[in-house]
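First chain written, first letter: the chains are A, B, C and D, and each begins at residue 1.
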Amino acid sequence: MSGRGAAAQARLRRRTAEVLELSRPDDRLGRMVDLGLAALIFFSVVDVILESIPRLERAYWDLFVAVEAVVVAIFTLEYALRLWSAPELERHAGCPPWRARLRHALTPLLLIDLVAILPFYLGYLLGLDLRFLRVVRLLRLLKLTRYSAAGRVLLDVIYAERRVFFAAFSLLFTALILASGGIYYLEREAQPEAFGSIPAAMYWAIVTLTTVGYGDVTPVTPGGKFFAAVVGAIGVALVALPSAILASGFVESLHRRRARYRSLVDAAAADGVITEEERRRLEAARAELELPETEDLEALAKLEGLAEPRPLRCPHCGAALHESAPPDGPMQ
Amino acid sequence: MSGRGAAAQARLRRRTAEVLELSRPDDRLGRMVDLGLAALIFFSVVDVILESIPRLERAYWDLFVAVEAVVVAIFTLEYALRLWSAPELERHAGCPPWRARLRHALTPLLLIDLVAILPFYLGYLLGLDLRFLRVVRLLRLLKLTRYSAAGRVLLDVIYAERRVFFAAFSLLFTALILASGGIYYLEREAQPEAFGSIPAAMYWAIVTLTTVGYGDVTPVTPGGKFFAAVVGAIGVALVALPSAILASGFVESLHRRRARYRSLVDAAAADGVITEEERRRLEAARAELELPETEDLEALAKLEGLAEPRPLRCPHCGAALHESAPPDGPMQ
Amino acid sequence: MSGRGAAAQARLRRRTAEVLELSRPDDRLGRMVDLGLAALIFFSVVDVILESIPRLERAYWDLFVAVEAVVVAIFTLEYALRLWSAPELERHAGCPPWRARLRHALTPLLLIDLVAILPFYLGYLLGLDLRFLRVVRLLRLLKLTRYSAAGRVLLDVIYAERRVFFAAFSLLFTALILASGGIYYLEREAQPEAFGSIPAAMYWAIVTLTTVGYGDVTPVTPGGKFFAAVVGAIGVALVALPSAILASGFVESLHRRRARYRSLVDAAAADGVITEEERRRLEAARAELELPETEDLEALAKLEGLAEPRPLRCPHCGAALHESAPPDGPMQ
Amino acid sequence: MSGRGAAAQARLRRRTAEVLELSRPDDRLGRMVDLGLAALIFFSVVDVILESIPRLERAYWDLFVAVEAVVVAIFTLEYALRLWSAPELERHAGCPPWRARLRHALTPLLLIDLVAILPFYLGYLLGLDLRFLRVVRLLRLLKLTRYSAAGRVLLDVIYAERRVFFAAFSLLFTALILASGGIYYLEREAQPEAFGSIPAAMYWAIVTLTTVGYGDVTPVTPGGKFFAAVVGAIGVALVALPSAILASGFVESLHRRRARYRSLVDAAAADGVITEEERRRLEAARAELELPETEDLEALAKLEGLAEPRPLRCPHCGAALHESAPPDGPMQ
């Protein structure tokens, strides 16, 4: 390959990386590719769902097979291009190409991409059950996580609180075991088919603790009914735990993201002026941090404060105290 | 039309806008019109509900038709007057009258007003199903949103958190698809009528994930029961998400509204005195921002602080530091 | 009556007010009366519950009648004494005795006391249904609210958030009306007995929106099932609202109560020393405000800071900045 | 016993206390013992669950008996060693050995340890029902609480909020009593077997208030259905209470733990430098306080700030104000 060819290839590879991975707001091709792939994921999942309807499956079998082949082909191409262009990504800078690709292949997003196509090939190789493969194909929906900033915030909160979350689930698990044991002891003789062993009783226990309460298995003895009432009340308190942990995590995450945004504003305002360029970057950072628009208005109010001080001042010397504080007033 | 007639008409139009749109607390006619319209909305919805009872429908058919005609007539007049007086509203100032009216007609509140009357006319024109129209008439209830300050705060919070909310619902949607696929695979053969296709299985999945748990469709195979228990536990965690997002949004909204109120108090106190007039305006602003009465007491405490400094002072120079901070004590 | 008799009566009346209404921690008789009355309330409710069991009702009818008579006699005496001693209460100071008693009788706690005894007398007068009276007697449980500081905090939070709460219930109500109308339209023909009118459909709608989901009435048409899934998902989001409002209210209430406690500590420390007496009063105030014990430890740390400044200081002049702030560190 | 023997025994006792009770991260034997005991707890509970399956119970009865004997032997040894080495623990320093052991035996963790072995011995002594003992053996799961830092945080929050929590459960209890009484009055005649007495009606009431909603007992009269809808709506609001209380408790706990961590960082940085040793200790304290890793990054940022002040400064004198505040930016 001539040097010119290599340079052209390098340029192509960089452009591929830009389009597929960076998703800059001003890259029109990148945004169109993102949109197209997201639409394809959605379409493919709808296709799997429709295919599961026996009447449609019989009538359009050939069409479903063809659509699946095309979808897998496109996703395979996407996966190959992502791997090929991985060495261009800044976070893998300095690695030899093969290591950059390996590291990239092991990131969660790329593993999801693999799960989206692998069953197709494995199905042919191993002759797996068609209906099992169908369910696995639904996992493609997870590919959509790539495109949601708010979803990332949500997953960040869940990840940050994972340990307390795990403790809450341990508590639920302990309650589940004890509830199963208790109802097994109380209802075993009256309803041997539903409560004849602790594992069997667990179905009732989880249905009650989560407050789903189907009612297909319910206690019939007075002792069992009383115990069920206690388990239901405990269930209500336990169900409150994830909600409480997440609520505290969201409050926390909001503060953290806002602090990051504020420090960016401070840095931009350090020289006394905020240029149009800086303002655009701040706006992009705000959107990236999933902060509401009002955050920006407050920042603007503050920027105007640079030129003309706010009426709220330090009562001693007349200088504006805590320039960044007033917008948060109540927390001051 | 003579100049005097035009002036009278302009005055009438301005008064109409004041009465219908501004709802100032000291405008007695405006408050009575508000109350009357709210009562009419309520009455009209009760009327629709009663009309749906077959016995009453047969007995009082003529009465229901007459009431509906009167209600629609009043709502149509209200809608027309709102459009006619739109150019008087400050937010449409500077527009030519037809543009002001068009812009006003496209606001959410006016669109709801249209939905409240349009079905009546369309029903006659297109010969729509009477029972369908009846349900659409229930949407009139949405007209009540105009009259609730607390409701607006609530909707603001939901709107501010809409992106994370959407992400949470995407997660619920993903769980729904995967749960439907899984139970379809596990229960398809045992219960072909309820789990014979993924769309059919979705009914069970959403009933379980939302913890409603009717129990009309439940798993019967051991695998299906285990899967149902897992889906129930995931449901509990997912159900916690909206609650957590909203809780963080409410904490946030409260801080923001209070900050706005505090800055109003600061502005009023900038000259060292708060007149009775200023105090009344602050009180109105507090109510508008849906802040509790205690907020006002704190503001008063602070105002008294203007005359006589609080015992808590800066330890260096003796001057009161952070005048606006002490009321929030715990956050200081 | 001689002057000595009047003075003795006044003393007795003052003592009665102290015992019944003030509940000072160092008043042993007052605490014993509180305990006795609380026990009697509890006992009386258990009595009503046991009386409702047909077997016990037949066997011990005379006993139940006698117990009820004694209980009502004691509660009537309590009510009378509360009214009689009302003029001694500080909050009614300056009123003539009859006005003090009237104002006292109209407070929520005294109204509950009246509800606890009135049905007994009314039942004899009006010959009301015995079983209805039995249920009304259960309302005596509300008398217990008088004895719970934490309960008062909880009710305060609910009261402070009442307007947003009302807005949330309005939203639930709107969803209820629209869900009832929708399911009425979709299932009316398939299940005329359960969905034959909008009021009938409301039972299903509320059971679904609250995620109770009995399953005694469920949709059977495909459209109805889809609609039920949508209503279930909306229900999950709506159910999150009260929880979110209350969570924000609790955070708020904690800050407010802590601010009050801090300002008491500041006042006590204004003269540079905190005496043992002041410390005891602060401790009592902390308990009354339902603040955790750690709050007190922080206050002690701060008090020690009065004698010996903390290591964290202002970097400019070496003086301790924001003496009250460090304990809240993260909120600073 | 010779002095050397006594010294060796004292050394052994100290080492035993270290291994069993202190669980220092650098004590390899201690961590292995912890892991082994946790695994044994888990294994023992699984054993109980499997034993409850009639088929397995019949087939492997001897094996189950043997496993149980071994498990109890190990747990008994563990319990004895914990008691024996108790005098070495710092918190019991100064007590005579027998008092140290008694105090240790009465701590919650040791009581749980006792519950894990006692039923085995009591069962032999008193000839208790085998199936009852089986359920009690499940309580061994509680021994796992010893090994979870996040679980301790969770229990701390629940403990700190116990009084408001108790008030919330009192409210639920009041609603339960009133709901039972109401439905008893309304449905007693239509369904005497399910609603024939208030205690019987309580089963329905708790199933409805907790939103479990089995549907095995549902109202059939119009009045009962209306009442059930009201109870369901109240249930939704009550179910929100524990969640709200816990959420506020978690926010609070996070602030408290972070404040403690910040004060440790401040103490370490008081001399202007943070050594490697101090950094390791801070890291350990952060993990112990269950604070997220980001907390540490912020501390590092702050430590760097010791050398080079941040751009955000006090506008009066140019010195960096509130060195500890900026990381919390939004709360400033």
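Throughout what follows, a contact is a pair of C-beta atoms (placed from the backbone, for glycine too) under 8 Å apart; a residue touches a chain by one contact, two chains touch by 3 or more.
According to UniProt, the chain labels map to these proteins: A, B, C, D = Voltage-gated potassium channel.
Since this is a predicted model, take the numbers as computed values, not measurements.
Participant: Could you work out which chain's C-alpha centre is the most distant one from the centre of chain C?
Facilitator: Chain A.
Participant: Give a one-word verdict, same or different, on whether chain C and chain D use largely identical residue numbers at their interface, taking over half shared as same.
Facilitator: Mostly different residues.
Participant: What whole-number Å value describes the gap between the mean CA coordinates of chain A and chain B?
Facilitator: About 28 Å separates the centre of chain A from that of chain B.
Participant: Which residues belonging to chain C are in contact with no fewer than two other chains?
Facilitator: Residues 211-215, 239-240, 243-244, 247, 251, 254, 321, 328, 331-332 of chain C touch two or more partner chains.
Participant: Within the complex, which stretch of chain D touches chain C?
Facilitator: 160, 163-164, 166-168, 170-171, 174, 177-178, 180-182, 184-185, 188, 196-199, 208, 211-215, 218, 225-226, 228-229, 232-233, 235-237, 239-241, 243-245, 247-248, 251-252, 254-256, 258-259, 262-263, 266-267, 270, 314, 317, 319-320, 322-325, 328, 331-332
Participant: Taking the touch rule as given, give the residues of chain D at its contact with chain A in the complex, in rising order.
Facilitator: Interface residues on chain D, with respect to chain A: 45, 48-49, 52-54, 131-132, 134-135, 138-139, 141-142, 144, 148-151, 153-154, 169, 172, 202-203, 206-207, 210-216, 239, 242-244, 246-247, 249-251, 254, 290, 292, 294, 311-312, 315-316, 321, 326-332.
Participant: In the complex formed with chain C, which residues of chain A make contact?
Facilitator: Touch list, chain A to chain C: 211-215, 240, 243-244, 247, 331.
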